[in-house]
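In the part that follows, the structures are each spelled out as structure tokens.
After this come two complexes, each holding chain A, first together with chain B and then together with chain C.
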Partner chain A sequence: MAIKINDVSFSYLKKTPNEVKALDHVSFEIPKGKITSIIGHTGSGKSTLIQMLNGLLLPDSGFLEIDDFKVTSEKRKNKRIKDLRKHVSIVFQFPEYQLFEETVEKDVAFGLKNYGLKENESIEKAHLALKEVGLDKSFYKRSPFELSGGEKRRVAIAGILAIDPEILILDEPTAGLDPKGSELILNLIKELNRNGKTIILVTHDMNIVLNHSDYVIVLNDSTLSFKGTPSELFTRDVSNYSIEIPELFKFALLLKEHQLNIDIEKIKNVDDLINQLKEIK
Partner chain B sequence: MKSVEIKNLNYSYNVNTPVIKDLSLTIDKGEYVSIVGHNGSGKSTLCKLMIGLLEKNSGSIIIDGVELNKDTLNDIRHKVAIVFQNPDNQFIGVTVEDDIAFSLENDNVPRNEMIPLVREYAKKVGMLEFLNKEPSYLSGGQKQRVAIADALIRRPDILILDEATSMLDPNGKAEILSLVREMRKENPSLTIISITHDIEEAYLSDRIILLNEGEIVLSCLPNELFKNREIIKKYNLSVPFIVELKMRLKDLGYDIDDSSSLNEIGEKIWQSK
Partner chain C sequence: MNNLTFGRYSPFNTCVHRLDPRNKIFMMLLLMVSIFLKVDSWSTTLILTGFIFLFLVIVMIISKIRFLDLFKSLSTMWFLIIILMVIYVFIPNPSYNPNHIAFYIGTYGVNYDAFYQSGYIIFRLILMVMITMILTSTTSPMDLTYALEWYMTPLKLVKFPAHIVAMTLSIALRFIPTLLDETQRIMKAQASRGVDFNRGGLFKRVGAIISLIIPLFVSAISRSEELSNAMEARGYDPYAKRSRYRVLKFHLSDLFAFIIVGAIFAGFLTLRIYDGYIIKIDFIYWIFGAKPLF
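So, the complex of A and B:
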């Protein structure tokens, strides 16, 4: 099973003078069981693409295959879209703005009740999801509105995890959080991936791309510009992509250029670099 | 001259959880200060107290020589402007022009004076060609630039940026930071107080104040803070890459104290090989 995007095109405001092309004959695959980052400037087509992966938008032409689901331009062929949304879930940017229930557990259980689960079953599952994101009992009855930004975000993510999707898409999951809050979210993402979930990240943060993803997809002006590993991307000329190569990686490249024995593929964070330098010294 | 003088300030949202604890702080006119600290450390509360959005329990806040109280609140709100985190929550007007004019309307500025003023401030923030645009046509960075124009057009003495770049993409962030630099060049007496988690951004300021649980832990030059490894570890601060690299290489025995760029540091490494 896999995630395949086949020659997909999409425009907003079709057949009007303001038509905007968002995706232009894009094809690629996203490997299952890995963490893949999708990057690209604002307006490059990232958001359009992720919305297609769970059928919120349909392509104008081309099609997407997500495991045994198919998303095509024809509405009547996309009968199982409700099931697809359980299979692929999106945590949108700043999901904490969508919290609304009076207690944390009710908010997390809300989605499950929509899928027809009974009250007590959905609360039970909500508790499990809250445990996954590291929020204990003491949070169950609290109002989501009195929590810190990082805690709110984790409640919102728990609401998605409660549905237990196999593929989880997160749009800018750390935006606006303090370093501690970001670290918790990134560790959670790693843990979810270790437990078998396929993760797709949309991000502007190149350190997340370097340190936390197995693969990276670059969209540029509605087309696919690159697919490969982060280190392959950062060793290329990226001047056309509006990407800032992480300073750590630049520095590692600089050392390599000066005949130091650096294994660039294995540089993900400062620890990796320091460990390699120890060997050299 | 002093721009902000805070003495023994106390505030709590409810009786059991004090948020600001006996805090005293002075900021000079024209100074650019960053306030850092994790979520819940009291940064935003402090700002809200300074513009009278929250009422202190005790202590005093003196802005430009005027003590903040019920009688002076209006004057003080003319002296202090604030730009908030979310670009979408601050746009009131139908167009950029409307939005910038809004604060002037509140001050009863006549229309013939208003029009050139709006153009002038739109130009300052690089949004002149967007005057007739609706917010849905603007990027997050552009909306925040309009919010800064809204703030500056009332000619405040103090500009507070409350995580004003944290919801922006890297381009938007760079736009705002370069605008801050320009504003300071143009008006050296403007005091800027920036609340931020972004350590590269705090690095640009004159002074960093570290808050923790409503108290000031440290107030020093950015470089001094980043050298203080105990503090950085204890308060879970991130440091700019070059600072971290230097610390780690020092542990490995490299003498890189006087190297100030990645190139210079690199040289030390490949020469020592």
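So, the complex of A and C:
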């Protein structure tokens, strides 16, 4: 099963002078077990879309199918919303602002307790999740408020990972982090994907799109403009999408134009390009 | 949580929106005083408050305020209404007519007057809600604080920090929508972690609220620190003389609106003064020539 978005529309502040159309008859599919990036300018409808994927917002028209869950415009038909939220979890932008417990381990276990796990069981799972994000024992009893920005974010992500969702959505997971913190998070995402999780990334960073995602979806003015692989996107004319082609990809394209035998499809990062150049030699 | 949108400024461009905020605040006060001027006869009081009610409904229609919002805000008041009812019905009041007993609970006679009295109070409360709603949904928070600052200017003579108070107020008002959005954001984030804000017993709900309030305070405090730094960085000095980008002006339409509200107030005041001193006014008695019911 895949994630299907069927003719979905949504407006904010309906029937007021401030009404904003966020999604306008959008349809596409997101493949499972892959990393898919959703990109688009500010206000293009990305955040609205991801909130629909776990039932935080309901579409005005159209419906979403996520495995055997269905999100429709009618409230009473969405009875299994809590199960859906366990199945599809969102790590919001700046998730460190949602921390509130006294200790790191309690905060990570909070979600599990909400889903009915017992105290000691949830703490045990919380430890596993913290290990997954690379935080060791010394962090367990510390207050989440005394951690650094990157550590806080990893705690917040662990809070979601602990729930063990099938599909994980991350809204700009690297925003405001230093390069090292970003790298840690991105490696974590890759690792999670390798373990079989479907990842949906919302991002403005085209290097993340190129380097980390299998598929990319471009939203533009509340409508779908493109779906395909990153290299397909970057070889197109993207001047309308307000996105910047990564320097590395531009360079690779230039090399190809100069008759060098380069497989554009396989270029994800500098190492890929170096390896291909070595082979040419 | 969606009820919180009650009274939020909605930026239509109607003639009520365009009125001078200073004038609007003054008119609001006049109407509120009118509501609390009570004449001796019940029927006249009912007619008068009914008149204000009609007037407010018309103003609400003109200023495009949705009645649904009014009902939403009133629906949160039911607890208050019940308490008022209970107090009025069960506390004996010597001014009630002893012949107006509705029914007995044990030996205690419940008086009809108690119901009229509490009904009247509730009706006035509803009118108050309508008046404040008209003010806040047609006037932007910034305009409101400008107007308040203007009213506080005379206090500067006694060294009252009018500007600082107005600035504090305007920042507080300015941040209400921001904090509401923030609340929504945190609620969504916690809902993603399985918190259900609408269901569950008391214990669960308290837990849910804590998961909302602590992050809200943390972000509000960090926001206030950022804001004060940003203000200082741009050279804000609370004691400096300040000019204004938008100067408030009293237009002809303000005069017109003021005359209407002023007339209502004057009418009420006249009735109140004459009532009980010179003649006993009872409209129903005048019109139908019959003795009023109560």
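The rule is simple: the second predicted complex is superposed on the first by the 281 of 281 C-alpha atoms of A that agree within 3 Å, B and C clash if a C-alpha of one lies under 4 Å from a C-alpha of the other, contacts with A are read in each partner's own complex, and residues count from 1 in each chain.
Throughout what follows, a contact is a pair of C-beta atoms (placed from the backbone, for glycine too) under 8 Å apart; a residue touches a chain by one contact, two chains touch by 3 or more.
Just so we're clear, the structure is a prediction, and the values are computed from it rather than from any experiment.
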Joint occupancy of chain A by chain B and chain C, clash or fit: clash
Touched partner set for A:Pro179, first chain B, second chain C, both or neither: first
Touched partner set for A:Arg194, first chain B, second chain C, both or neither: neither
Touched partner set for A:Val270, first chain B, second chain C, both or neither: first
Partner chain in contact with A:Gly111 - chain B first, chain C second, else both or neither: second
Partner chain(s) touched by A:Leu254 [first = chain B, second = chain C, both, neither]: first
Touched partner set for A:Arg76, first chain B, second chain C, both or neither: neither
Which superposed partner A:His41 touches (first chain B, second chain C, both, neither): first
Colliding region between chain C and chain B, picked from 37-45, 109-117 or 217-225 after the shared-chain fit: 109-117
Interface residues of chain A shared between complexes with chain B and chain C: none
Of chain C, residues touching chain A in the complex: 10-12, 185-186, 188-196, 210-211, 214-215, 218-219
Sites on chain A touched by chain B in the complex: 41-42, 94, 148-150, 175-181, 204, 242, 244, 246-248, 250-251, 254-255, 258-260, 270, 274, 277-278, 280-281
Partner chain A, residues of chain B touching it in the complex: 38-40, 85, 139, 163, 166-167, 169-171, 197, 199, 236-238, 241-242, 244-245, 248-249, 252-253, 262-263, 265-266, 269-270, 273
Chain A - residues contacting chain C, complex: 16-18, 51, 54, 56, 82, 85-86, 89-92, 95, 97-100, 110-111, 114-115, 145, 159-160, 163
